[in-house]
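Have a look at these structures, which come just after this line.
Note that subunit A is present in both complexes that follow, paired respectively with subunit B and with subunit C.
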Partner chain A sequence: MKHLLMWNPVAQPRETVLYSVEYQGEYESLYMSHIWIPSSQCSPTNGLECDVTDDVTATVPYNFRVRAMLGSQTSAWSTLEHPFNRNSTVLVAPRMEVTEHGLHLVVKLEDLGPQFEFLVVYWRKEPGATEHVKVVKSGNTPVHLETMEPGAMYCVKAQAWVKAIGRHSTFSQIQCVDMQGESLPL
Partner chain B sequence: EFRFGPCRVEGVVLPELWEAFWAVKNTVQAQDDITSVRLLKAQVLQNVSDAESCYLVHSLLKFYLNTVFKNYHSKIAKVKILKSFSSLANNFIDIVSKLQPSKDKDMLSISESAHRRFMLFRRAFKQMDTEVALVKAFGEVDILLTWMQKFYQL
Partner chain C sequence: LRRCLISVDRSLIEKSFPEIKRALQTNDTFPNVTILSTLENLKSIQPVDVCCVTSRLLTFYRDRVFKDHQETSPEVMRQISSIANSFLYMQKTLEQCQVHNQCHCSQEATNATRTIHDNYDQLEASSAALKSLGELDIFLAWIDENHQETSTA
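Right, the complex of A and B next:
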């Protein structure tokens, strides 16, 4: 899960403008609204975006603000119009690689970080096929799904799941494998 | 998710809370000179029934938000401590907002039992010098998290 804060540049020809990002969670805005915390990654930065994933560590609304700095001059703060809550995160379908090792149907999922789990659905491609489901706790490790029968075709799809925000992605594109050939995206 | 009896809390990653507290543990507990006193004593947290647990955790977390964190905040000088403190406080707010302790009359004796436990803690807190009590209570967040962990399911 990655959360990026982005902003428009301050036009200042031939000068390097720096930016500083600060945040406050619901606690700070409720109990001590004057308190803002410097972002872990961007205090300061010369980029136009900031990875605030490590700052957003609770599923509550967070306010963000950014200001420009040029030498001793600093701009006013620009504050995010609406607080951000990580439970509004839109997860993209995970990338996966489906292969057959001998008789074994194997899937390898993209490593999206420690907060991700995956729901893998697989079936033998035939009329009235039964779908099987396997929960994969982390990416980047090949997982054995099924021992295949020669000549049969097997298909796989997967979705990502983040427990911390109670959200899952759409399913990935279906990939099918038959005993003789390579995986065939459908 | 947390399951405090009938109360369920999803979307909180307990390891994130532990990570936040470990980052400040040494700094905070080093400020606590009175090691002979414990606010979250055994009578407060031991043998808590599932039914009581929702009432008790609700009272304890609200106290931490409204009293301990609110007043401890001014002692924080380092940004690193501030970040961990913010992570803990905001996760406590998330938990409290999702807890719905039942107000049914037939739960009265259970809620009163939980309240007696909470009052043991609160009385011990009030009996100490405020500054000392704040440091001690914040330093005992690990005791609180250890107890909460019993109700956490992966």
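Right, the complex of A and C next:
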């Protein structure tokens, strides 16, 4: 998962304006509201966005604020209008590579980091085919799905799942492969 | 009666806590005193009491430990915040169980958490909070161990 906080620039011709980002989790806002924590990546930064993925580590609402700094001058804080909860994250379908090694149907999924698992669905392309499901705990490692029968075509699709936020992505595009040919995106 | 189960984000055990322990360990002035007593004290908790003890210890950390500890290092602040907010999320999960009355508190459970509060009260608040933060691994491991579908304490 990746979470970016973005803001508009403060116009200051021929000057380098820096920005500082701070956050509060729900714990701080409920029980220690005077506490704001400097973001791990952007305290300060000269960019207009901040990767707050390592700051948003719990599935609770987070407040964010940013201010501009020019020399000794600092602006007022600008605070996010609505707190952000990572359970609203939209996950994109994972990239995958389906190949056949001899008689074996093999899938390799994109490595999206330690929080991701994958649901892989595969079937033999024939009328009334039965779908098989396999949970793959991490990406980047080829996984054997099935021993294929010569001449048959097999199809695969996958979706990403993040347990920490209880959300899954849409399914990837279906990829089919037969014993002789290359994988055929459908 | 379905048990109330929560899960511990592995990064808390493997990343957040070690960084807190490394930063705070040198400041612990009472190395021979323990707040969470020994793991044996918690090991005697019956499955039926796991939800209650978990909820009460989450409250203990929420209302006493995290509040009594004053931290200046931004990095340690982030790690403590990560755990505090994860505990808040766990508590919300447990509260849903309590609505269905599946978080019973026996006398043993009450005694166990009372002992922890008594240990805490033996020390000055900031020292007790520091020690309790240093013992988070005991509590996180206990949650991890006792909140499995198949776990039997």
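What we mean here is this: the second predicted complex is superposed on the first by the 186 of 186 C-alpha atoms of A that agree within 3 Å, B and C clash if a C-alpha of one lies under 4 Å from a C-alpha of the other, contacts with A are read in each partner's own complex, and residues count from 1 in each chain.
Convention: a contact is a pair of C-beta atoms (placed from the backbone, for glycine too) under 8 Å apart; a residue touches a chain by one contact, two chains touch by 3 or more.
Because the structure is predicted, anything quoted here is derived from the model rather than measured.
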Practice task
Once the two structures are overlaid on subunit A, check if subunit B and subunit C clash or fit side by side.
Solution key: clash
Exercise for the section: Mind working out whether A:L48 is in touch with subunit B, subunit C, both or neither, as first, second, both or neither? Expected result: neither
Practice task
Would you sort A:G166 into first (subunit B), second (subunit C), both or neither based on which partner it touches?
Solution key: first
Exercise for the section: For A:M153, select first, second, both or neither according to whether it touches subunit B, subunit C, the two together, or no partner. Expected result: neither
Practice task
Mind working out whether A:S40 is in touch with subunit B, subunit C, both or neither, as first, second, both or neither?
Solution key: both
Handout entry: Shared subunit A contacts, counted only where both subunit B and subunit C touch the same residue
Key = 25-28, 30-32, 35, 37-38, 40, 55, 57-60, 163-164
Problem - List of subunit C residues in touch with subunit A within their complex - result: 7, 9-11, 16, 62-63, 66-67, 74-75, 77-78, 81-82, 84-89, 92
Fill in the blank from the handout: As the complex stands, subunit A meets subunit C at residues 25-28, 30-32, 35, 37-38, 40, 43, 54-55, 57-60, 62, 114, 163-164
Exercise for the section: Provide the residue numbers of subunit B that touch subunit A in the complex, in ascending order. Expected result: 1, 10-13, 16, 20, 65, 69-70, 73, 79, 82-83, 86-87, 89-94, 97
Handout entry: In the complex with subunit B, residue positions of subunit A that touch it
Key = 24-28, 30-32, 35, 37-38, 40, 55, 57-60, 87, 115, 163-166
